[in-house]
Amino acid sequence: MVNPNMTEAMTHDMAVIARAVAGSAADIIALTAPRGFPYIASRAEAQVAGGIALEMIAENLKGVDAVIMAAFGDPGLRGARELFDIPVIGMAEAAMMSACMLGERFSIVTFSPVMRRWYLDCVADSGLMARCTGVRTPLGHPLQIDGLRENLKDDLASLARQAVEEDGADVVIMGGAPLAGLAPELAELVPAIVLDPIAAATAQAMALARITTRPGFALRACKPLAKPSVGLGPALSTIIAREQGA
Amino acid sequence: MVNPNMTEAMTHDMAVIARAVAGSAADIIALTAPRGFPYIASRAEAQVAGGIALEMIAENLKGVDAVIMAAFGDPGLRGARELFDIPVIGMAEAAMMSACMLGERFSIVTFSPVMRRWYLDCVADSGLMARCTGVRTPLGHPLQIDGLRENLKDDLASLARQAVEEDGADVVIMGGAPLAGLAPELAELVPAIVLDPIAAATAQAMALARITTRPGFALRACKPLAKPSVGLGPALSTIIAREQGA
Amino acid sequence: MVNPNMTEAMTHDMAVIARAVAGSAADIIALTAPRGFPYIASRAEAQVAGGIALEMIAENLKGVDAVIMAAFGDPGLRGARELFDIPVIGMAEAAMMSACMLGERFSIVTFSPVMRRWYLDCVADSGLMARCTGVRTPLGHPLQIDGLRENLKDDLASLARQAVEEDGADVVIMGGAPLAGLAPELAELVPAIVLDPIAAATAQAMALARITTRPGFALRACKPLAKPSVGLGPALSTIIAREQGA
Amino acid sequence: MVNPNMTEAMTHDMAVIARAVAGSAADIIALTAPRGFPYIASRAEAQVAGGIALEMIAENLKGVDAVIMAAFGDPGLRGARELFDIPVIGMAEAAMMSACMLGERFSIVTFSPVMRRWYLDCVADSGLMARCTGVRTPLGHPLQIDGLRENLKDDLASLARQAVEEDGADVVIMGGAPLAGLAPELAELVPAIVLDPIAAATAQAMALARITTRPGFALRACKPLAKPSVGLGPALSTIIAREQGA
Amino acid sequence: MVNPNMTEAMTHDMAVIARAVAGSAADIIALTAPRGFPYIASRAEAQVAGGIALEMIAENLKGVDAVIMAAFGDPGLRGARELFDIPVIGMAEAAMMSACMLGERFSIVTFSPVMRRWYLDCVADSGLMARCTGVRTPLGHPLQIDGLRENLKDDLASLARQAVEEDGADVVIMGGAPLAGLAPELAELVPAIVLDPIAAATAQAMALARITTRPGFALRACKPLAKPSVGLGPALSTIIAREQGA
Amino acid sequence: MVNPNMTEAMTHDMAVIARAVAGSAADIIALTAPRGFPYIASRAEAQVAGGIALEMIAENLKGVDAVIMAAFGDPGLRGARELFDIPVIGMAEAAMMSACMLGERFSIVTFSPVMRRWYLDCVADSGLMARCTGVRTPLGHPLQIDGLRENLKDDLASLARQAVEEDGADVVIMGGAPLAGLAPELAELVPAIVLDPIAAATAQAMALARITTRPGFALRACKPLAKPSVGLGPALSTIIAREQGA
């Protein structure tokens, strides 16, 4: 589980949820970005943090069966999926695909209007725009990220109900790493299935690891050709060069 | 696992795969349709068999955590999903959504051109048409369904390679219940990830049961209103009427 | 004219309109479902009732030039169209296609929010989503279906005006069998062309019967292959088996 | 029936078909463009001829219940539909909408690759691209338009069969005014429903006139505001100005 | 610069802006329609005026490097682009394409709800619907076109802010020839990039003339075949006939 | 002009073309990536190189009016566009948008099948998929990038002709930095307008700088909020933090 944000507390909260989902069936190794931003909230930040995430994955591949990109918005997802020979799961994509197997239409509810653009881009990239009823958020950006889950709980429950009653969502995704763990608390308050993206990503990582094989990945025609590089970390550089040991 | 086809051998083959995926983590109850068709291959047949599948699910809900609709094409899926308060997984949809978490574009390879129309309708219904490179099939309908997996193996491997090399698929889904179990045999022969739909559906059923709760389903605003009926089996009739015990 | 609902009064009202449209140019045989539901309002109900409709058509094909599926939502339409060698017209589809030959964009106005999901699925299935401005309904489900047309007339006129003035609809479809006959009453109250779906379906059935030939249907490559079945009514079973006399 | 092309023989052939469809139920008034081009085959020509068609309609409205724009490609259709208070039917649109009520997917077969661009634009304008399997044509432009129907009959039958067998079309539209009347001759040669656009347009004009009323058109919010003009024919100018008698 | 409207003052205002953009790098020849309408506001008017615009271009081709169709809505654009061997730029299309190179999503703000239908058709024709957040207009049609820019300035600024704040537009296009020149005045009042379509069209005409060559246009396979005509102006008729001197 | 590839010769060739387009109207500052890859050809490489490009732009903003992202595929484009208060032009996007102002449909022709995935993603991201006829490439990856333009000239001309004759393209884009400068050489060999992406990007940069103002960019609501960062270059870090001097 790779958190491309630098906030350790966020990683901790997500790891708790992921471990609860995995139970004894899988070990969760939780990593926090050593460089980048406290919390990614734009395309520019995702561009940089996605590159950092590729480095983090490359350095920690040993013994790993699947990677969870633990930031809603899935920075670096497409590149990681090309490069590494194991399933790479994005939190946003896993939540959206799960939602589409549970109901006809889903909504994303998140904590700030600032995230809307990026999240809608994710929906569009997934190809599921026709099954998404929109992104609902409070009107303004919250003053602080800490304590968000408690402070905004009522507002977010209300937004989720609007997503169901006005927009016709059958499933509501509580998007954004700072909301990890909120979904179960809203289950009784919202007349729809409420999904936690990190739980969805964990369950999907286990599901996809189960139905694929390592050699199947290795033979893929869509892998990038071997290539030299300058200035990348040694682990990522080795993998991109397809050198021995990669 | 509800097979809306009447062919017991098909149910048996799919149950073997499902149990291999589930391991000790889940019990698989495998049901074969008591009425309908030996093998569904059209919209008309799916209309009838989908109704039979609703009856089968209604009669066997007790103690069940999730339902797998075990026919590629997912007859009755949307209706079942509205009606029952547990995850209902379609083989086609589960394979497509899984494919979209493993690569950019997927192809469906199946054993007969007769299936193409119905399978493409499934892709369109899922909203994933933009991520599908098409359905590849042999030119003619096979003379017999028995032994299909062995007789057509080389042809299907060749179609799968074309899907990768000519159409740009990253993931190939071996669609159609008679091909259950073929995917692992093709893994070395096709430069892409090859998915078995019944394995995908089993893994997804387990994943979605893990991240949802029964009360969350019960409160859904999108459930049909209670309604009387005539001529349905008692179990389905009771559920549709929302009578006690349903 | 096959009403897949069990409510005779509904069949009667629709038959009156259909006969007024047909005049002396066609005879209308009006059938009411012997099994199923008083009024279909969900995908689950449509799955079952669509199968019943296939039985009803199969049993009454003799001397018939075209079939009208007389429930907005068109349960069983795709299957019926594959199977039978005459035009099969859906009320919803006929209204939408007619609307698109009369104006740029159409709206559907109906009597209950419960219908919205199913009707939007119909629009999506038709491929005409880009020409639809949406489905407008009262906020709550009506207490009773009887007398709906009179009780809701003012509300529905107001919704139709909103569809024109706020959503930009050029044509308004009064969707749902209980509203049959309301369209002409609204013509003076709404600044748009107002369509009655059963009138549209009748006119389309006559139009399509006129421009197609029975042999043209019989040769279609897209017909399902002959197939045995168990538990279906004898007429439908015979047709699906392509036995003599079918 | 307004032929925006100047070729009288084409008008004659189409009128014969239209009258056969209409029988005694409607009179067909057939008009040929007094200015413009012998046969429209490009967007530039359609721009000019569409304006001429508006003049022709304005000059011949008296006693008319519906207008058929008798050129595949429907030049001037959208403008005419806004302006005149009766149904205006395009040959291409009527054929496509009819096709979508007869099967899942349709193909257009025509006599020259030169028409492909314009016809595909028509499909896109209608919103039905997802239900169209493409436009099939001979490789080169025919040396002469006269006698096209006889000379190309075998080639066009072969293209229609390809549209069914390779592209999956259920309905084939024989597009282009010079092919009027060919569809019935191909019915036995093509495993699909084959549509004649002028027959479809005639049947649709009768259907739509039957289910709409003149006052309903007059009240439409989408009609252009009254406007002065310079250099237009007096009939069109009067209608655009909404002067008395218009 | 071809204004297909007859209002000289509009041409004058647009020419001032175009010349300011062009500076010394290009000469602007500004033409006003000799026939047609004072201001085009419907598809019917665009059909006629687009034909007039083709005549105007044909008569004034000599020494011209690119054509600007100076009416938002781009009447006759597709036809002109087929026919003439130089770049033909539409005001609406140039503004939309420019907007998409400056931000993710754009909005169109204009002076009357009457224009919405036509402008949305332009967006759809361009293929950019997914990047457009909609068309915002005042509720009613303005009493007079003169002085619009001053009278509506505050209202339009407010609509532009709504387009940004409620709809998520990054770029706002001030659509409609009567608003030419307003964009710079709104730059400080709207938290987005505000585009003037005539400025965009002028800059695009210069850009496209710079990266294309006259022979490249002449060889295009997509040019209409040579064709005789009746009743067109001599210049247009000569070009369509591909006669010497054309 | 920022080349996110490390190959100086490529930068040199592109700068020659850019300067020829700009003439005396603009100065071109050409930068080559100091880190990264010799030639970007995958999503993974674009993820890393896009981040490097953001650093390059941040370090060289002074006195610059517009940025050209000089790699077909536009790595980092969306992030750069959010972040910097001047137009940021992508080579692929500029070529596609220019193509759509010159003809109805465009094709991309490039030198290796390896690029197809990434280029199609670019088309999808732009929203112009419906106007793209596809990406045509040789069957295999070239043995060496040097001399590509000469070695492949005949093959690429042939692919471009196929794009016109078989796929219906009106404009052909010669995609990929190693093909810079080839378009003019193909102008006589291909019956379509052939575009050079670096020429298109240069012309678009000049056009967009001309019609926008620096303050208009500064006020944009869509700019990311100020944010601290760790491990980025000082210039980029300062801009992201919105510190003085940024």
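Every chain is named by a letter (A, B, C, D, E and F) in the order it is written, and numbering of its residues begins at 1.
Going forward, contacts are C-beta pairs under 8 Å (C-beta built on N, C-alpha and C of every residue); 3 or more make two chains touch, one makes a residue touch a chain.
Please read all numbers here as calculations on a predicted model, not as lab measurements.
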Minimal step count in the chain contact network, chain C to chain E: 1
B-D or A-F, whichever has more C-beta pairs in contact: A-F
Computed distance of Cα centres, chain D from chain C, in Å: 27
Mean-CA-position distance for chain E and chain B (Å): 51
Intercentroid distance (Cα basis), chain F paired with chain B, Å: 43
Residue numbers of chain B (touch at least two other chains): 78, 81, 104, 117, 121, 129-130, 168, 222
Interchain contacts (touch definition) - all pairs: A-B, A-C, A-E, A-F, B-C, B-D, B-F, C-D, C-E, D-E, D-F, E-F
Chain F residues touching chain E - in the complex, by the definition given at the top: 21, 25, 78, 81, 87, 89-90, 93-94, 97-98, 100-104, 126-131, 164-165, 170, 184, 187-188, 190-196, 199-200, 203-204, 206-208, 210-213, 215-217, 219-222
Contact set on chain A toward chain E in their complex: 116-117, 120-121, 124, 129
Chain B residues within the chain C interface of the complex: 6, 34-39, 41-48, 50-52, 54, 76, 78-83, 114, 117, 121, 141, 222, 224-225, 227-232, 236, 240
Touching residues on chain F, where the partner in the complex is chain D: 104, 130, 168
